[in-house]
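For reference, the structure is listed below as structure tokens.
Chain IDs A, B and C follow the sequence of writing; residue 1 opens each chain.
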């Protein structure tokens, strides 16, 4: 490093090339840091546990269209036959599928009256088979039993007496209580409609993956007699692929004035739901890779040019006794100085861009651990890019000094 | 002289094929990224109805909870209650007005062998067809009388008509839904609004409905409502009527107001209406009604996705890196031509002559990069289509405007990138370069 | 037609000041063939660059074809170079991508002549240097002597008032050098004024006038009688 001084002075004399590389490195770093940050924050979103046993579940959605369609009869008989199907663990009728982005919610309160503490909650209308079908653990209290289940008529707002809620929802409503202590508490739908918590479940996602209160869900012991019906089915591990077509055939076979609208695995429901996030991730990866490549090629181009221009000078240095290693280290050090300047500016740029993104687009704040990582990556890329040209420079013959053309 | 410069530029580009390819590739990648993301933003923020966007207004009434606004800061609800939607329609205080909501029903084709299918329907008033001016293939919208009595009539989309009647003129025919016979009064031609601005609550970029039926059927046939229903209090009482008359919001309302006076008059009418409803014990919040024209409403509903905007800004920065890259490479290239530049100066080319020569060269590289960029943008859009699937249907298409923007952007970028290297090259003192090679 | 009176030129860097020309005075008349000699660093190249309007000067006066060039802008200077001066360089300075025709075409392009006239002039001047049959060749396909002939054709094509030649035979072997000198002599005999910088005294002797430059000054006048007197007087 004893020739740092001369290198630095040479840089100052030939600043445009150096400035261009440093700027490129800085902007590249700004983009890369923010892109990686976005990718990882989406990964966190996508990786969230829904509480379901997704890999062994599928759903079937039907709609009755016939005048004589008897929703109650069809639903009960469908559920019976689905539950008896070999390979099926359990099945349930549900008003909305978790993560499907379509469902209903309500505001519930921890006491009666306008001033009580409240929280939004996703509503799932299910029967006593729900916990088994979904694969949810009951933390405290008890499950619904068969006699709790009533029919919910279309467009009617009243809630039954008994409900179950997720631990997170319990926590939001009663911050100081343990789940067991929430059991038997009375909650209110709206201002004045009382409901009793009979059980607290460990975890269940709301239908909307973009909702801030995704862990707020509430189970209501009702089956719907509307023309729409979603059936959620859980199979024995590994049997979904064979059971799903059989279940579908069973439903479609019955001539009861209804048709199957949709069916798919819960794995696919999740994939569809987070599709925009995974797509954004892929795009950002593509941007990062091409950007690194472009920056590297740009450095190769500019350095090759500088070296060509300095052939004679390099030859002279060689003639005066500089070894190949000296020449190599000269160019590597020069590039190191430039990229270091670039990543320092890039570090500031990254934080700046993140502030803009946070303020305008509701994105999470940058995790500063990315800064040193990106800096090291870019410095390595910079050195790798300059290695080839520097090696060629080192092989310039000392005789170049004395040749004329 | 221009053609002479073009020929010189071409020769110069051919002299260093690797360097030239690198420059064009850098510009192409930058332009490709910028154009891909620009296309999506441009289509998302496009004016869906350019001729009328300033005459069509979305109506919002603040019927929400006295304790908290529908959304911060004091935003009125984004939809109306059934009561208000029907009341505003009956008042007929605007030139045209239509309430609407999304519904669905199963259509049972009469022809044997055709399977029943789920149809998405829009419940609306006949003014809908005059407000949004969809193109009719056959027939027309239904009558005022049909609106009032809730007659079983339907206007079919082209696709549905193709499905049911193989594209024939089906006006006067009937179709079966909910075990009832609906008379076809009109068939639309291809119609896809981007965004489908009249109802963004059910997805601004969804496909259009299968058919349109009179609004009144919501009540008389108890047709189901899809889309988002939000309530701040439970319905008073049981049953469908109680739900319909509740404070739950699920309806959109559009009016046509041709000038500022009409807009002002309508606003006064809305305020008077709310005051009158307050007498009946409704509308507990302070007066907060709103009329937004199409583009204001799109802005309010943030139709342009945040992700798309973030990607666009990142792509612009990407383009910046590509340009910095090109500046460096052009500098390299032009400085390596100093001998020729000096010679040209010696034989009488002025600085301006040489400036033009090299700008033409930069622009030519820009044209090459732009062409490559458009191909990359097209590929990028195919990639985005496959990544997003239906979530971005119809938003990943290049049109002529975008192609033109792409080429102009490429040329402007390369001229910007070329400006400094050209300036440097033309300032080389000729005498210094002529003595030895 | 080319008159320099007390021209001086100083090169300055941060630390050093070098005087290249000092009270340099010279007059060249129409039809002259002037050879300029002098040791390295004497200022002969600076003289040539100033005479060719490639470099500015600090003091004194330089009249070209009767007009002072002191305060002309870039565009006017370029036009003068284009129309009145033809350059010949030691290293030919042909543009490698262009064939002979296009190389000779370069100055004519900046003259904004029409296509037919350019063609006629190019063909004529290539004929004068004996290369009319190789118009489509690239410079790299020619010998050094032939390349220099092309450069001469390029200088002639614009029909200049005079040619400025900077060591025109410096990169050539003696045989080629001789033939290029003969060509220049022929051109001079046909009426074109030539100013040639050289370090070869034998060649300088072949010129009509011989001027020596030392330390930025004209130190010796030629065999012909005092030509500069009108200005000195």
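What we mean here is this: a residue touches a chain if its C-beta (ideal position, glycine included) is under 8 Å from a C-beta of that chain, and two chains touch if they have at least 3 such contacts.
Since we're looking at a predicted model, the values are computed, not measured.
With chains as nodes and touching pairs as edges, the resulting graph is an open line. Ranked by separation of Cα centres from chain B, the top chain is C. Work out the mean CA point of chain B and of chain C, and you get 67 Å between them. The geometric centre of chain A is 73 Å away from that of chain C, both derived from CA atoms. Taking each chain's centre as the average of its CA atoms, chain A and chain B sit 26 Å apart.
Multi-chain contact residues of chain B (touching two or more other chains): 436-437. Against chain B, in their complex, chain C makes its touches with residues 45, 49, 52, 54-55, 74-75, 78-79, 81-83, 87, 89-91, 93, 95, 97-98, 106-107, 109-112, 154, 158, 166. The touching residues of chain B, counted against chain A in their complex, run 19, 22, 26, 29, 33, 67, 105-106, 108, 115-118, 178-179, 222, 224, 229, 231-235, 238-240, 243-244, 246, 305-307, 309-311, 314-315, 317-318, 320-322, 324-325, 327-329, 331-332, 335-336, 383-384, 387-389, 391, 420, 424, 436-437.
By the touch criterion given at the top, residues 1, 4, 11-12, 14-15, 339-340, 342-353, 429-431, 434-437 of chain B touch chain C in their complex.
Per the touch definition, chain A reaches chain B in the complex via residues 16-17, 20-21, 23-24, 27-28, 30-31, 34-35, 38, 63, 65-67, 104, 107, 114, 154-158, 189-191, 193, 226-228, 259, 261, 275-276, 278-280, 282-284, 286-287, 290-291, 294-295, 297-298, 301-302, 304-305, 308-309, 353, 357, 361-363, 404-405.
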